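This is the structure I want to talk about, given as structure tokens.
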Amino acid sequence: MPLKPDLPLPEAEPQRVGYAIVGLGQLTVDELVPAVRTSEHAHVVAFVTSETEKGLALARAVGLGEDDVYTYDDFEQLTGRKDVDAVYIVLPNALHREYVERAAKIGKHVLCEKPLGMNADDARAMVEACNSAGVLLMTAYRCQYTPEHWAARDAVHSGKLGKVKLLDSIHVQVEDDPEAWRLKKELAGGGPLVDVGIYCVNTLRFVLGQEPQWVFAALHQPDGDPRFVEVEESLSFMLGFPGGLIANGLTSYGARTTSTLRVLGEKGSLLMDPAFPYVGVRLSLTDEQGELTPSFPSSDQFSQEFDHFAQCIREGRRPWTPGEEGVQDHVVMDAIYESARTGQVVRLKTGQGKDAFRGTPPEVPGRD
Amino acid sequence: MPLKPDLPLPEAEPQRVGYAIVGLGQLTVDELVPAVRTSEHAHVVAFVTSETEKGLALARAVGLGEDDVYTYDDFEQLTGRKDVDAVYIVLPNALHREYVERAAKIGKHVLCEKPLGMNADDARAMVEACNSAGVLLMTAYRCQYTPEHWAARDAVHSGKLGKVKLLDSIHVQVEDDPEAWRLKKELAGGGPLVDVGIYCVNTLRFVLGQEPQWVFAALHQPDGDPRFVEVEESLSFMLGFPGGLIANGLTSYGARTTSTLRVLGEKGSLLMDPAFPYVGVRLSLTDEQGELTPSFPSSDQFSQEFDHFAQCIREGRRPWTPGEEGVQDHVVMDAIYESARTGQVVRLKTGQGKDAFRGTPPEVPGRD
Amino acid sequence: MPLKPDLPLPEAEPQRVGYAIVGLGQLTVDELVPAVRTSEHAHVVAFVTSETEKGLALARAVGLGEDDVYTYDDFEQLTGRKDVDAVYIVLPNALHREYVERAAKIGKHVLCEKPLGMNADDARAMVEACNSAGVLLMTAYRCQYTPEHWAARDAVHSGKLGKVKLLDSIHVQVEDDPEAWRLKKELAGGGPLVDVGIYCVNTLRFVLGQEPQWVFAALHQPDGDPRFVEVEESLSFMLGFPGGLIANGLTSYGARTTSTLRVLGEKGSLLMDPAFPYVGVRLSLTDEQGELTPSFPSSDQFSQEFDHFAQCIREGRRPWTPGEEGVQDHVVMDAIYESARTGQVVRLKTGQGKDAFRGTPPEVPGRD
Amino acid sequence: MPLKPDLPLPEAEPQRVGYAIVGLGQLTVDELVPAVRTSEHAHVVAFVTSETEKGLALARAVGLGEDDVYTYDDFEQLTGRKDVDAVYIVLPNALHREYVERAAKIGKHVLCEKPLGMNADDARAMVEACNSAGVLLMTAYRCQYTPEHWAARDAVHSGKLGKVKLLDSIHVQVEDDPEAWRLKKELAGGGPLVDVGIYCVNTLRFVLGQEPQWVFAALHQPDGDPRFVEVEESLSFMLGFPGGLIANGLTSYGARTTSTLRVLGEKGSLLMDPAFPYVGVRLSLTDEQGELTPSFPSSDQFSQEFDHFAQCIREGRRPWTPGEEGVQDHVVMDAIYESARTGQVVRLKTGQGKDAFRGTPPEVPGRD
């Protein structure tokens, strides 16, 4: 039966960019492994974990063998693996720097989960380590790779909304396990801000292509709740951007999942709601004609990341969200925490020009 | 043909509470006159205006005569009109106090548009004038009389959302006439905050039944735009409520109409979007079951106000939104402007107990 | 205070077209009286009812006197009322013809509720009576006067959807009073089809501007339900239009309120959901760009009808939905009942040309 | 770093039920291969195709070798492949029967795409072939395996909607390639009805758990359109179910994609819109409380199918949608075509009892 001869097929496995995934938490099992298997240019060739049994099971599940599972102590054995082009660090935040530095030392490119580090200084050190070693570093900001978020950004930059005046973003979810590492300051570096609020900060910066000049913030850390002994429960922040633009943000580990982004312009407004889920991001644009909900080609956020970094590795290009992009969010978040502590506005040096900390734009499905 | 004998009919005109409407702007012509004609307990019996021709035309349109139209100079002639129980002040903000005081002096109850005055001191004087004269004063906060806003408040107080953590409210619209009185500080008292942002402040206070303890704000007044020589274009504020709750707000005269209220609780969240239009307020409640958009009986916000105040007059009860409720918004808005001016957090004395500044709850269609 | 001098005001009462409303059921009290009071060119000047007390109460409520309330026996006394230009017949269907004929005889124009009569022959007699008497007859199809329904029609005719292929419409609601006149065949002429299903038939014809060529239908009349002894509970119909277009329809008195219209074209589709409520009609248009929900100026469906017919009377023009439009729905509904009875397809003669049975297009708010 | 030890991991590859996929069209490449890779109990171990190059590329892409790609002529060589438990037939409809019979002959279980065959007789022969050979046959009705469709069915059966009265379903899409095999009667067996309209028929039967007693239908096959020389462009059908329930359906290859299901009950209604996409099915339930949009766990429709049939194979259970379920849709569709041809109602023998043609209910994510 003659079928269309030109269907795009994924690359053959051996030619793809090979990743070792470091850390086998829920994100790895539920999202990353399925995503890499359906990507175009990447494949997973090794796992690094302290849980050997789990690593072996997952390896078997994806057609890998015993030799493809490493302990953290054996991490440097990846040196000899020619098929490992890059490592993907999916560990608690406090371990990011160590493993990024160890990866750089053995000459592997690094894709690192957000937040990049524990704070701006920590993250800067990671950037320097990778620069010195001549490997690429990418911060895994999946929302800078979706058609929906790019359409939001394009609506802002095309003038479709008229001059933008105000923005608003919310990202909250419930963390109910007092033992979760995300609630330990030494492991996470902060509370909901660095885990979920970072999406607000990062996406506000992304859609504007600009950097905040000042920050004000307030937080709440309730007495008597064992979850919030070390980190904040809820936090509100205000960011002042060039030209008088102001953005409000809310984040929390104490409220049921909500994620939104709203941009208010003189001619129209845009709403992403939900703004930050893995699937089902919904964008609408409202102007005097009414409300438009554009349709988008389906795409997998994690596959997009795997493929973008794979192509950057092949072509020696700087990723769209390099380490510097991760550093800048830490700069802003450090200021947010400082403002919340002092009750004072904190001023920031801004980046120079549009997209000051970003690299080569990604290919986005359905975008010209 | 036998029809159901028990259909509710409006009261006969002569038995209703009679209103004189002072000021014939667009709100009066487009909303108030139609609303009072379809209310149950109120009717309009006189107009006060400087535009005699317009007043006569409107009087004819509603079946009134030449004698029912008064100039501002003749305002005190309403004294002799036994059928005028109350006056409804629909004038530029700077004139509210004068006409409330003149109405009090001639013994007429007063329904006054929001904002009540030019600032908290101005508004306090109006409350005192009415108290001294023994007349009732109600601030026309239409959104405290709708089934949708009460359902939002009930969701908060019933525990349906779990403990509330964060709130967010937006009200922006475009004012494009540089000559509009709303852009003159001496006539309006402020910019978008006192006109549209007041809905955010007022509704946040209403759904919580509590008062903010501190305020932070920042505003933008662009150079070179003839509209914003005297008042702000855009303003962002943060309110700290008891128990660590934080609410963000955005208001502007420079962005296309958006009006929202969001309440984030540990078990669920609620969204009103749009939150503040005359018709078409939409409420949704989201929890682990999914998203519920409740249905409501149709009702007219302005008729509800006319009828609530009419009943309060008849029964000598304090309205749900008395003058004191209007004063309290000025206290908060004065603090917002002070914070924006100084760049510092401003602390507020809070009211005592729930609904500290409110009176008798209104009858709300469809609410038990 | 200088206000904009050019606000549109309603006409003075004495210059408006005067209506006598015949029948004081819920529609009259809840919708028509408020609507006529907020119309631009019409006012109500008399009521005709068998319930004198109710008539007097309603008259008082709208500023009319005892002399403005008539019994059905006194109907002909309206002859002497120069201020009564038209009568609006809001009676059970079985009485439409008698009162239309009596109105024609005394030279009053007639606005008659839908369905126009009991069947096509009955309705044709009404048209002839009005033609002979030289008075205008309009069928009160409120959905042919809304901006939303005209936008749907315009989307079809502009080619925006590409060639239209299929349509679907639903209108169901619960009638739970076994004593309701709507459930008596001698009073209603039929069941849900002639009361709510007529909206589907009428709107399908309206958006296409064409007439069906054939009909198939099936109905259900459950045993043992006292409500459905005389009329159908539920009915499904299929209409074949020129060019191979097929439209499906569903109507019922046994299912909770739903009202929709869907048009499926080669380039896009449109959905009205809800399609037929008094307020809150929602239109969306979907094509390859996504889904657009246009915004519309607010308007009152009943006021639009009052005003359109008032203008037709003044200018001697044929209304957009004259008696002939009402006849044609009866022709289709008679065929639907015949098909349901015989189980066979019933063929119809079609009208000649587009909008074969319609008159002067109405002014529609927001439409050029 | 201690991670939760109880994360569910997919089974190791060698223990899973092995599938050979027969036919490498777009569905296979874009949906089935990714789905099987993320299923829990299934894996793909062989491909059968006439396009050897494409087969080899796809094999390499999923970690298989040259020996795992077969031509149609070599199909019987799968006999020796112990790791091939089942074949999945993804071929043009006209070839379903041949390959089901060949699979049965070599003792392999069969999952076959819908429609099962070319007509009821063709499909019955397939059922008999599998029964005789003692292999399981499942019709690949993915929409009977989603949480959303089961929630719709549960709403009907739980009485939540009250007694159901009427139903409506639409499935249309554009087929614009005149050379597509789906437009050739000898290859497809019919037009849009057997390809997309089958979802309406199948889902109506599924949510009710009952079988239609009569059918009426009309179709349109435009002159001069090279796509519709052999099959219908558009088709409307009406199905009469026990108890007087009537369901309307629309299907077409000439209109932009729309897919819906609506169930109208005395207490409430449900809407699926879109009803039949691979991802993003949306269900809402409306009753007097308002409109509820339930949330569902994410799941992949094709993975659900792979896993359900895998478990049936392991446990020797009859699948929920066995061959008989596929036969019954052909019975209904044969009647639909007969009615469209004759213009007459066609009566059907109904099944005995609820879910007369179904087997063991599947495990549905999030359903108790």
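As written, the chains take the letters A, B, C and D, and residue 1 is the first residue of each chain.
We adopt the following convention: contacts are C-beta pairs under 8 Å (C-beta built on N, C-alpha and C of every residue); 3 or more make two chains touch, one makes a residue touch a chain.
Protein names from UniProt, one per chain: A, B, C, D = Glucose-fructose oxidoreductase.
Just so you know, these numbers come straight off a predicted model, no measurement behind them.
Trainee: Have a look at B-D, B-C or A-B and name the one that copies the A-D interface, over half of its contact pairs being the same.
Mentor: Repeated interface of A-D: B-C.
Trainee: Identify the chain pair with more contacting C-beta pairs: A-C or C-D.
Mentor: Answer to which pair has more contacts is C-D.
Trainee: Between chain B and chain C, tell me the centre distance in angstrom, where each centre is the average of that chain's C-alpha atoms.
Mentor: 37
Trainee: Averaging over Cα atoms per chain, report the distance between chain C and chain D in Å.
Mentor: Inter-chain centre distance comes to 43 Å.
Trainee: Can you compute the centre-to-centre distance for chain A and chain C, using the mean CA position of each chain? Integer Å is fine.
Mentor: Whole-Å distance between the two chain centres: 56.
Trainee: Mark out which residues of chain D touch at least two other chains, giving numbers and ranges.
Mentor: Only 288 qualify.
Trainee: Which of the residues in chain A end up touching chain B in this complex?
Mentor: 162-163, 165-166, 168, 170, 172, 174, 216, 218, 220-222, 233-234, 236, 238, 240, 244-246, 248-250, 252, 254-256, 258, 260, 262, 264-269, 286-288, 343-345
Trainee: Note which residues of chain C are touching chain B in the complex, please.
Mentor: My answer: residues 1, 3-5, 7, 9-14, 23-26, 29, 34, 37-38, 50-51, 54, 57-58, 60-63, 91-92, 95, 181, 279-280, 298.
Trainee: Along chain B, where are the residues that touch chain D in the complex?
Mentor: Going by the criterion above, the answer is residues 288-295.
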